[in-house]
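For reference, the structure I am asking about is given below.
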Amino acid sequence: MGKLTIGCFSSLVGSVSLDFGVKLAEAAVKKGHEVDFWVSSNATMLSKKGQKAFKDYSHLAKTLTELFATGKFKAVVCEACAEARGYHKDDTMEGWGRRSMDWYLASTFSADRVLLIGGD
Amino acid sequence: MGKLTIGCFSSLVGSVSLDFGVKLAEAAVKKGHEVDFWVSSNATMLSKKGQKAFKDYSHLAKTLTELFATGKFKAVVCEACAEARGYHKDDTMEGWGRRSMDWYLASTFSADRVLLIGGD
Amino acid sequence: MATKKLAFIIRSLPYKTEASRLALTHAIASQTVEIYLEEGDNIEPVVCFIGDGVLNCLKSQQAMKHYGITSLEQHMKNSLLLDLKVMICKEDVDRFGLKEDHLIMDAEDVGGETKAQLVPYSEIQKVMEEVDHLQFF
Amino acid sequence: MATKKLAFIIRSLPYKTEASRLALTHAIASQTVEIYLEEGDNIEPVVCFIGDGVLNCLKSQQAMKHYGITSLEQHMKNSLLLDLKVMICKEDVDRFGLKEDHLIMDAEDVGGETKAQLVPYSEIQKVMEEVDHLQFF
Amino acid sequence: MKLGVFMSDFRGGSDVLNRLSAEKLGIILVGNGIYHATTKENGKSSPLLDKSANFYVLSEDLESRGFSSADVDSRVKPVTYSDVVDLIFNDYEKIIWI
Amino acid sequence: MKLGVFMSDFRGGSDVLNRLSAEKLGIILVGNGIYHATTKENGKSSPLLDKSANFYVLSEDLESRGFSSADVDSRVKPVTYSDVVDLIFNDYEKIIWI
């Protein structure tokens, strides 16, 4: 079993790149791997508490909660990216950490595989 | 003097398309025109209260406040887009309205010019 | 008493960005725009798919099954159900080797009567000239 | 006691998306990564510009003046100031008709000693082979 | 029609732009669209500039990316945000963003 | 190196991908990258498929866009998220997203 670090850097809420990251994490954890998940830039909002489910947006909160419960999934949001968007610590969804970018780099140190999901 | 309706549909926070929209609105208002400004999708966060100024993000809050003060600038955010992102009414920056999409269409009815800024 | 025409020209692929989805949801919002307008005034949307945008019109999109989101197919059907004018560029459909049979041309399964139109680009150019305002997605 | 190498390959144009900015800010974050690691362990970033990405390296970017945001120029200089390894693909620079003189090759004006390197693509390919993990922006 | 097109992209959108026809056509290069005005590849200017149209480029976006008016192709006129407002209201009736 | 590439785009990124060389190369078409596997233009398949590599396409992304395995070029193998995890850990050492 290995460790996969996924970074979602500028993937949008509303695109399916973020969904890809979460679904890949889910599939990896199911197979017994460990996953670290980092979001920054426009992916930041994935970690916001109180997202309302609409049929036009994928709603990933439930999957994330299940992933946290496995103990094999860590997720952290870029602190500065969140603050710049006016989204503060109290609004963070349960389970998520808030750290600076060096957390992501440190996570890659012990990772067997690293996938950075960039793009628009 | 005319009326310009600007829609920022999927422009990102962190791209310069949103900045373009706000700066164009500013230039139009300075020349005596009236501007209606609509944000939806990932542009929604422009209207969020409490955005912290970072040097890596353009900080448009000050310009918006000045624009509202002219009385020639109306700005409205897509209600559903905001709720989907977990950003609720109390968090809306002063001056902004929250409406459904038909507000944008109605604004185009009396507009002399309409510019939809789309893109990634 | 006036009607303003508004074109929604969709040139983007679906799902990567929200562009085509937003075009359709905003076009559909024309159904409730009257609450903001004077008696008798109205907005008439026209939706046109050109370039890569025609790939939004493919049948059997299973976005709800896999990602839990409304497909563009569903949005197109809703548009037709509400009698919106929907045009698809024939040259682009041909370029991709698609047939009318691959495309969402009606919303009969949900009780719609209006059909989408497969038209040459020149017809879409005419729409662009006729409408009051143009928007590209 | 180990050092892991991490490549940040930048292929995107600046400003439209945050991709190139995020690459540099994350590469720079390697300066403080030790707080999360065991004594003696470290992360060594290498930054490479290829394709359209080389246009991030142009001098005289006035993004702060016009948009109030740190320019990619500033981020590149910060990277050099912190002695990060920065490589720029020569074939792409040539393709755009640019000369070394157009590019940010050092951070001397802010007291930096490390220089950027203008190298053939084959050198960047070598970096990709050497590093532990690859990331494309 | 009198059509003003904001071109904000360097690598995409040309297919759509090439097909547009208008009695009067203005193309305003903004954002990463400015590279069409400044950047040659293998010695060749952007094919976009061969289209029959009035070309403008937003100075603020030029300068943000490290260029100045001196770098701009002679077919393209540098403009400010204020000029753009006048173009929108005085010269073109419909305006789109690509 | 053994390099796995996630190709998520239909219109961009090919320039970068074409230059990559690897002892073992896998290209996994995801998101709008799936059109490379399914869509011909003027009767021609995507030039991407001419590259010497192992090609995969994510079934979920195919089906979301209205395609099925029957529409996929014979050079490309449909895979699930679970298969992708195995490709990442067993077949490739470095993985990138374009």
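Going by the order they are written in, the chains are A, B, C, D, E and F; count residues from 1 in each one.
In the analysis below, contacts are C-beta pairs under 8 Å (C-beta built on N, C-alpha and C of every residue); 3 or more make two chains touch, one makes a residue touch a chain.
Everything numeric in this text was worked out from a predicted model, so none of it was measured.
Chains that touch both chain B and chain D are the following: A, E. In terms of the stated touch criterion, the partners common to chain D and chain F are A, E, listed by label. Note: centroid distance chain B to chain C, computed from Cα atoms, is 25 Å. Inter-chain spacing, taken between the CA centroids of chain E and chain F, is 34 Å. One inter-chain figure worth recording: chain C and chain F are separated by 29 Å, centre to centre, where each centre is the mean of the chain's CA atoms. Residues of chain D in contact with two or more other chains: 15-18, 25, 67, 133-136.
For chain A, residues that reach two or more other chains under the stated contact definition are 10, 12, 14, 16-17, 41-42, 56-57, 113-114, 116, 118-120. The set of chain F residues touching two or more other chains comprises 8-9, 11, 31, 60-61, 64, 95-98. In this structure, the chains touch in the following pairs: A-B, A-C, A-D, A-F, B-C, B-D, B-E, C-E, C-F, D-E, D-F, E-F. Of all the residues in chain D, the ones that touch chain B in their complex are 15-18, 21, 25, 64, 67-70. Taken in their complex, chain C has these residues touching chain F: 13-16, 52, 55, 58-63, 65-67, 71, 73, 95-97. Taken together, the chain B residues at the contact with chain E in this complex read 2, 4, 16-17, 20, 23-24, 26-28, 30-31, 33, 112-119.
On the side of chain D, the complex with chain A involves touching residues 4, 6, 12, 16-19, 22, 25-26, 29-33, 35-37, 41, 43, 45, 132-137. Within the complex, the chain B residues that touch chain A are 10, 12-14, 41-42, 45, 48-54, 56-57, 80, 83-88, 91, 120.
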